[in-house]
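Order as written gives the chain letters A, B, C and D; numbering starts at 1 within each chain.
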Amino acid sequence: MTPSDYLSAALLLAGGLFFLAGTVGLLRFPDIYSRLHALTKADNVGLGLTVAGLAVQAESWAVAGKLLLIWALVLLAGASVSYLIAHGALQRGMRPWKR
Amino acid sequence: MQNLYASLALFLLLNLGAGMWRVLRGPTASDRMLAAQLFGTTAVAILLLLAEAAGSAALRDVALVFALLATVTAVAFVRRAWLDPEDENDTE
Amino acid sequence: MSAALFYALAGTGLFSIGLHALLVHRHLLRKILAINVMGGGVFLVLAAMATRNDAALPDPVPHAMIITGIVVAVAATALALVLMLKLTTEAGHAVLPDGKDDNA
Amino acid sequence: MISGMLDIVLALALMGLAWGALASADLFKAIVLFIAFGLVMALVWVRLNAPDIALAEAAIGAGLTGALLLAAYAKLHAASPDTDVDNASRVRGIPFILISVLTLLLTAALGYAVWTLPSDGAGLGNDVAANLDRSGVSNPVTAVLLNFRGYDTLLEVMVLLLALLGAWSLGLSSPRREAAPGLVLDTLSRLLVPLLILVAAYLLWVGAHALGGAFQAGAVLAAAGVLMLLAGWRLPAALAALPLRLVLVAGPATFLLLAVITLLLEGRLLQFYPQWAGRLILFIETTATISIGATLIALFLGAPPNREDRQ
């Protein structure tokens, strides 16, 4: 293992951790808004760290660029869809959870 | 490193299986759709890991198409299939 | 057991799950999903058979047939959905009648 | 070891999702489970060393089919509000037991047939590899689709057109007026649609030597159109009659014309001269991509655009 392998492994493992956190949040949080919050952590940070871990290993700049493009797309789509769902939920009168 | 890629792919797949509970459980349509959205992102990550493990650059194109097309499904839900009177009992 | 044989058997399982649901359910949307699952099972058997002699590259002919099949399946699904909607606007529901209802 | 476990988990997920999609009481839940089924299916194609199929499944199985089903679910609800009530209706009693027993017997027979298939079937892989350099492309799947078995693809674009004719002839209309898309969806579609069209062109171009091809490109193009429709775009009335129909038949017509020409010149359907094959295939694929995309968009709408606009 070279130093870049260690860096890549650390990033990938951290990414996996965020995916786990996102899933746990999706399962455990009480309402749609907080679940959205959990979901976007997996979307943005989990995939971001995974992409970063793989980009460290990438054989060329083009590959790293394509990885970043995929991440950027998921970011854009995730943010927009989350807004649309939260907006729709509010319009339909779903109230945020209160203790 | 090969083992790490494959194990992480397996781990993400199991994660996806756990998220299935939210699809089954609901309670609202939007919750189910949210879980499907997470599946899409997880599948993108799994594809990228498998691409690295198999050394197959082409799989990144599959991941790219996945990322683009999952959005269309989600927008179709928000714009069409989200029926107006949604159950209010959104807490467990 | 090789991975190819394993997936081929999974494909037959999918085909059976789909066939059972197709015959048992009366709601047309459910039947459309069932046919799609059956198709997925068939594709899986085909693709598994393409990889069974462990060559470097799998047989491209079944792959081409599956890609054709996927596109035909989506077109057929779209047509079936329109037919279902037409029936629903005419009959008021999307459920096939029980055989017994016809005698009444 | 780990890859074996991956296969087992994938196959189990596939079965579980199929079962859930077909047995769950809630229709919407069934559709979401079916979308997830398409996602897992695409991962299975990757495991089976079939990235070309994975790409088609990612575009169609996980994307377009989901949008189609969700839109149909909404229309079904509008046409029959109690559809969720009677959706659990199924065969019960003795017929149910009979069907289950017969299905189990059939499963056993099919499983036995698959199990006893010879494990060394040569297939056609070697023939394809031997003739690949005369096909005009270097991606074997594209070579099979557009050259060696071009007639399959010719019939397939015809099937698409027929499906659309069938759907249009039923005379449905979608009276539903949509709310304004809002700034976020509008911006999203303005960013994503050009990107989708670009990706479609890329897939069409690389299909000759790498992953891609007309079907995948057509499906991605269709996704662009569906996204525009969802964001409130409608085909301008001036384009709805003749221009739309020309685009829809461009692919099938080009294909058919080339089939007739090759039949007359060579005596064989779609037999290309090797030195011409590459260019002809790209030409057919380009028109086919546009027609496939347009047909799938029209199938998503389910009714001719001019009829919808009159509502």
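By definition in this document, contacts are C-beta pairs under 8 Å (C-beta built on N, C-alpha and C of every residue); 3 or more make two chains touch, one makes a residue touch a chain.
Note that the structure is a prediction, hence the values are computed from the model and not measured.
Peer 1: What's the chain with its C-alpha centre farthest out from subunit C?
Peer 2: Greatest centre separation from subunit C goes to chain A.
Peer 1: Please state whether A-D or A-B has more C-beta contact pairs across its interface.
Peer 2: Comparing A-D with A-B, the pair joined by more C-beta contacts is A-B.
Peer 1: I'd like the Å distance between the centres of subunit A and subunit C, where a centre is the mean of that chain's Cα atoms.
Peer 2: Centre-to-centre distance between subunit A and subunit C: 33 Å.
Peer 1: Let me have the rounded angstrom distance from the C-alpha centre of subunit A over to the C-alpha centre of subunit D, please.
Peer 2: 28
Peer 1: Would you kindly tell me how far, in whole Å, the mean C-alpha position of subunit D lies from that of subunit C?
Peer 2: 13
Peer 1: Of all residues in subunit B, which are in touch with two or more distinct other chains?
Peer 2: Within subunit B, residues 16, 33, 35, 64, 68, 70-71, 75, 78 contact more than one other chain.
Peer 1: Where does subunit A touch two or more other chains at once, residue-wise?
Peer 2: Each of 73, 77, 80, 84 in subunit A touches at least two other chains.
Peer 1: Enumerate the residues of subunit D that touch no fewer than two other chains.
Peer 2: 31, 47, 64, 73, 185, 188, 192, 195, 216
Peer 1: For this structure, enumerate the chain pairs that meet the touch criterion.
Peer 2: In this structure, the chains touch in these pairs: A-B, A-D, B-D, C-D.
Peer 1: State the interface residues of subunit D toward subunit C in the complex, per the touch definition above.
Peer 2: Going through subunit D, the ones touching subunit C are 4, 7-8, 11, 14-15, 18-19, 21-23, 27, 30-31, 34, 37, 41, 44-45, 47-50, 52-53, 56-57, 60-61, 64-65, 68-69, 72-73, 75-76, 79-80, 82-83, 86-91, 96, 99-100, 103-104, 106-107, 110-111, 114-115, 117, 119-125, 128-129, 140-141, 143-145, 148-149, 152-153, 156, 159-160, 163-164, 166-167, 170-172, 213, 215-216, 218-219, 292, 295-296, 299-300, 302.
Peer 1: Enumerate the contact residues on subunit C facing subunit D in the complex.
Peer 2: 2-21, 23-27, 29-30, 33-34, 36-37, 40, 43-45, 47-53, 55, 57-68, 70-72, 74-79, 81-86, 88-89, 92-95, 98
Peer 1: Would you tell me which residues of subunit B are touching subunit D in their complex?
Peer 2: 3, 6-7, 9-10, 13-14, 16-17, 20, 23-24, 26, 29, 32-33, 35-36, 39-40, 43, 46-47, 50, 54, 56, 58-59, 61-62, 64-66, 68-73, 75-81, 83
Peer 1: Of all residues in subunit B, which touch subunit A in the complex?
Peer 2: It is residues 1, 4-5, 8, 11-12, 15-16, 18-19, 21-22, 28, 30-31, 33-35, 37-38, 41-42, 44-45, 48-49, 52, 57, 60, 63-64, 67-68, 70-71, 74-75, 78, 82, 84-86, 88, 90-92 of subunit B that touch subunit A.
Peer 1: Sort out for me which residues of subunit A touch subunit B in the complex.
Peer 2: 1, 5, 8-9, 12-13, 15-16, 19-20, 22-23, 26-27, 30-32, 35-36, 39, 42-43, 46-47, 50-51, 54, 57, 63, 66-67, 69-70, 73-74, 77-78, 80-81, 84-85, 88-89, 92-95, 97
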